Structure formats: structure tokens, C-alpha cells
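After this come two complexes, each holding chain A, first together with chain B and then together with chain C.
Let's turn to the complex of A and B:
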């Protein structure tokens, strides 16, 4: 009960807060979800993607100027 | 009131009492006013309910019928013939080509990206070997940037090739060094020149070859590594080569990959199969440049969509539980 009451008072009571918490929540969830899935992805494919081997081929800026 | 409930409806209320949503749903009873409910309405309601019931009773056979129709359509689309029907074909298995072995590609899993070091080596094999005969029309220099090479490397490679451009102010075409936006140079100016250079056979453009052949990567790999002496009794014309994976067995392209043909800067031993694997990975990338992000976004979409499906199933049951577990009681007029 305490939790539902807190939730109700904090989020659902005023429509303006309700709507903006949906927007903020969507933004935050998007960030968190992308970060988590991309981290899993990069870990799963470790060593295979371009960003993993890129360091072997880039010449540091200015190094190739004669 | 409750004493009037038949044993059957009591059983039902007991079932719904422990509804999946985990809530105890009170049995609600609705008294129907006999004066307001005409008999015909009541009959109409019951006949409607029975049609609905027969539809849901048949859900299983309907689903299976749809699945079978779908798989027959899919099979027909894929193999060009209806399944389970005998079909006359004058082809021998040799004329259809040997089925390629299935190889464990580093990118074959649903979550696996390409091995980009392999793409880089494969580009080298394409450039040093295959590009002498095969074009790669759909790939521009810029496509390699951030995939297998850095922008500086690609600019330098493109700059070594001359492209015709123009017209200039005087209306003349002129030659200029290549830039990132140019497409891969072709070995022959046109199809006729390509045929003339290859005893009448056209080396196909390799941009989409992995998608364009049954067996994809496995086929091209088997083709490149599968050259053998023709078996006894098989005649191969002058200028043709025997390859059991090529439909018909006689292919104009000779065996090209031999151990040590190229020298990999990263020290990978350039065996025949290593070069074939690398060039096939490169060609697979050329045919599906979107491959890596497609799989990543596919993974994300599956997670989100299955979570949304689960939520909507839950909400549906949550909302329907009281409606499904209520009781309608008819109290006849005294």
C-alpha cells in the first residue's frame, strides 16, 4: 500500500507530472536499454568488429605528415 | 442466492478464484429483470455465444491449416515446385552440382557479426586475384571506411586508380585520381570485352554473388576450393575446368587460389582455404553491408517486442478475469 500511495502521489496525481515522467522515463529507458544491449553485443562479438581492430591501422593524427 | 448456483458454475468460480493474475476475484452475480429481458433477446445472445465458441474450438485446426498452406507456399517459392508431387527432371545430380558442405562461418549465428579482420584480408584477395576478371560494381571506396580500412588508407587506395571525369570548361573529358565516392574500378569496359577475355564466359559481378547462389557462402567457398581432376569418363573441353560444385561440372574459371598466393600483412598463413574463407567473408559483406547492424537491431527489436507482447497478454488477462468469472443469475418472476 505504501508503495502504491507513494507512486500515486509522486507520479499519477497531476497529469503534467504524469506525462512528463512518461517522457523522461522513455528517454531514460532508451538510453539504458541501448547501453545494456550494445554492451552485451560488443562483448559477444569481441575482437571481430572494426572498432576492435581499428587501433592496428590508424596512424595517429599528424604522424603521416612528411 | 449462492444456494441457487449449480455445481458446474461453482466449479467454474473455484477455477477463476485463483485466477492467473493472482487476484482472488469475487463472484459477482447480476440479477436480470425478467420484465426487461425479452425471450428473443435471450435466445439471440445464446446463439451468438455458440458461434463464437465454435470458432475458438476450431482454432487449432485453423492454425494448422494456415501453417500448412504457408509452408507449402514458402517451399514453392524457394524451390520452384510444389512439395510431395513427383517431378520429371532430366538432370543428373552431377548436372545440378554437388551440394556444398556447411561450414561454421564466424558470422553465421543470429547474434554474430562479420569478422572484420577477415573482411580486410578478403578485400586484399579480391583486389590481388579476383579483380583481374570480376567487377564489384555496387561497392564504392567509401563503403570500406570503418569496415575494413581507415579513411586515410582508402583515400590512398582510391587515389592510385585513374577515373574519367568531366566534361571540363572546354567540354573535354579528363582523367583524375579516384576519390572516396568513386565505385570500384571494373576490369573490363563492357560485357563483350569481358567475354572476349575469358573464352566467351562472362565473369559475373561479385557484389551480390553470395545472395545470388544457392548455398551462399558455403557454395562459393566450395567452388573456390573444390577443383579436382575430372573423374574417369568425364570429358572437359579445352579451356574449361572440372569443378563438381559447379552445376554441370565444367566451369570457365580455372583454379586460382594456391597456398601462398598472397601475403597477408597481419601474418595469417595464406593457405588456399584461408584465402577462400577471407574472400567469401568479404563478398558476403559486399552483398550484405547492413548485416551487422541488422542483427544488432533485430536482437533489440526481439527483446522489446517480446516484452510488449508479454505485457499485453498480462493486461488482457488482468482486465478480463472479473468479466469471465462473473455469474449471471436469472430470477424468474414470482
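Let's turn to the complex of A and C:
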């Protein structure tokens, strides 16, 4: 009860605060979502991507080809 | 059994007894004939069991009617025969034993009373309020991030692709260009002049009074480091490639129409209206390279 009232008074009572918290939350959510999905993708495709197998093909002596 | 005068085809159905409930709380079961009266009902034509019995519901408690296209029957009383319920007096309304609501309403004192809906009422209005706003806000949040992702992805399709970006930069090794030498390299399909200038050439370029120039520009504005002059090798007149270390001013000379550029690449003579263009470039001191682009 107290928590829901606190939430209402803090976020929902003023529409300006409500909308701006939605936008801030959307920004944070987008960052978190992208990070999480990228991490999952890299984890799922471990050993298949160029950044994982780069060491096998690019030797330190071959720095001139870069 | 007295059938109504209207031509109605009766069909027996095996249905749940209460298929819907009127707003008053009265359950109705369409299509069920309640004319099959129980035992002891006076048929109204003399024979039978005589006077009305006390355990038979009065005739107004049930009935059929043709409402619109629906054939409705109402039964505010229980549909299980009273003798199965083990109750002696069944003319008084009892609680419904067959119902579709999750909670059994308390028996109302009268069939005409408004049922008690108080158990549907919330006990925690602030929780409901916070929940509603939370759901609205969550949908807004998801929608806003979806819209942002859509727009950014759409704009990203207009950006240059990786192979174009890779071709957009050219690196020149500074150590490979000796003093007082020109190098012409190709950058984005155009020639670029890189000159390693001597002290005398720098002095000469800086001693020119720029007020006498057609396109006034100091040498400091045209170079990032005085010993390295980097500019596009395209004549500003009609786009020919000037020849280095020639011309009247010791700089470049365009053979097409005779424009002369000095050692800072400024137009000094001939039809060229502007100085040679300076591309964006940078120095990488760690690898001793000039990065053009």
C-alpha cells in the first residue's frame, strides 16, 4: 500500500514527470536491451565470428598488411 | 400439457443450465423448455392431483418467452427438483446450486432484491491505480524505444557502408617522402599532392603579401605543419591536374590553360579563380603517417 502510493506520488501524479520518466526509461531500456541481445548473440556464436578467430589469421609479423 | 398457440418448434437440448445471466442476476437458459412441469401440477383441466401443492414453485417463477429472435426462458429458482435438494420448503428462493460465477453470491433475501456485489469491490484502490498507471507507462516505454529503434535503423541505412568508409581514408608514410619532393596519391578518385617543403620554401610562402593575391589566404591557414603541404591536385579552373615543381612561382603549373600556383598552392597567375583545395587530413606521429580523409 505504502509502496504503491509512493510510486504514484513520485512518478504518476504529474504528467510531465510521467512522460519524461517514460522517455528516460526508454533510453535506458534501449541500452540495456541492446547490450543484453548483443551479449547473447556473441555468446551464442562464440568461436564463429571474426573477432574470435582473428588471432588465427592475423600474425603479429603481418602488421604491414594492415 | 398446454402448448402456446404460437408455432414454436421445441427441441430438446443438452446444455449447461445457465448459459448467461441477466444484469439482474437472473440466470437464463435459452432453448430449454420449462413447460415440462413437475409432478402435482394442476393441468387446469379437472383431473390430476387436485389442489396446488406447497412444494411446487408458483408458475410465475419460470416461463418462456419469445424475445426477438431468441427463445428465452427464465428460471430464478433452482433447476434441480426440490426433492433432490432435501429441503422441505422450496417455495422460498434458495441459493443457486448451478452457476457460472467463480464466487457464489450470498443468498439474497428476495428474488427481486439487487444482488450483493460487494465482494467484487476492490479492497486496495491505490494498488489498482498504481498498476494501471504502471501498465500505461510500460506500454509507453516499449513504444518509445521501438520508435527510436525504428528511426535509428532507418537512418543507419542512409549512412555510408563499411567498404566505402574503408576507401575514404588514405595513409601516406611521412618517412617515405624526402625533403623537397612531391608525392601524388589517389584519394577518392582524385589526385592529392603531398610536398615535403624546405625551410626556404616555407619562408618564401610566408613572405607573400596576401593582399595582392586573387584568393587571399595565408600559408598558416593552408597547412597544419609548415613542412607538410597537402592539397587536392585538381586545378580550380577546369579540373586538370597541375604539374609539380614548375611554373613562374616555383609551385605548380596547369598545362591546360596556364594557371600558376605558388609553393603554398595559391593561384597566382592564369585563369584559376581559387587556390588549390586542402582536404581534411591528420598526422599520426606514432606511425609517422599522414592520414587523408
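Everything below uses one rule, namely that the second predicted complex is superposed on the first by the 55 of 66 C-alpha atoms of A that agree within 3 Å, B and C clash if a C-alpha of one lies under 4 Å from a C-alpha of the other, contacts with A are read in each partner's own complex, and residues count from 1 in each chain.
FYI, a residue touches a chain if its C-beta (ideal position, glycine included) is under 8 Å from a C-beta of that chain, and two chains touch if they have at least 3 such contacts.
Please read all numbers here as calculations on a predicted model, not as lab measurements.
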Once the shared chain is lined up, is A:58 touching chain B (first), chain C (second), both, or neither of them? first
Between chain B (first) and chain C (second), which does A:4 come into contact with in this model arrangement: first, second, both, or neither? second
Could you look at A:41 and tell me whether it touches chain B, chain C, both or neither (first, second, both, neither)? first
Should A:17 be classified as contacting the first partner (chain B), the second (chain C), both, or neither? neither
Which partner does A:33 reach: the first (chain B), the second (chain C), both, or neither? both
Per the contact definition in the header, classify A:50: touching chain B only (first), chain C only (second), both, or neither. first
Touching both chain B and chain C, residues of chain A: 33
Across the complex, what residues on chain B touch chain A? 106, 111-117, 120, 146-150, 152-153, 266, 292, 296, 299-300, 303-304
Residue numbers on chain C that touch chain A, as the complex places them: 124, 126-127, 129-131, 133-134, 137, 140-142, 144-145, 148-149
Residue numbers of chain A touching chain C in their complex, please. 1, 4-5, 7-8, 11-12, 18-19, 21-23, 25-27, 29-30, 33
Interface residues, chain A side, partner chain B - complex: 33-34, 37-38, 41, 44-45, 48-50, 52-54, 56-59, 64
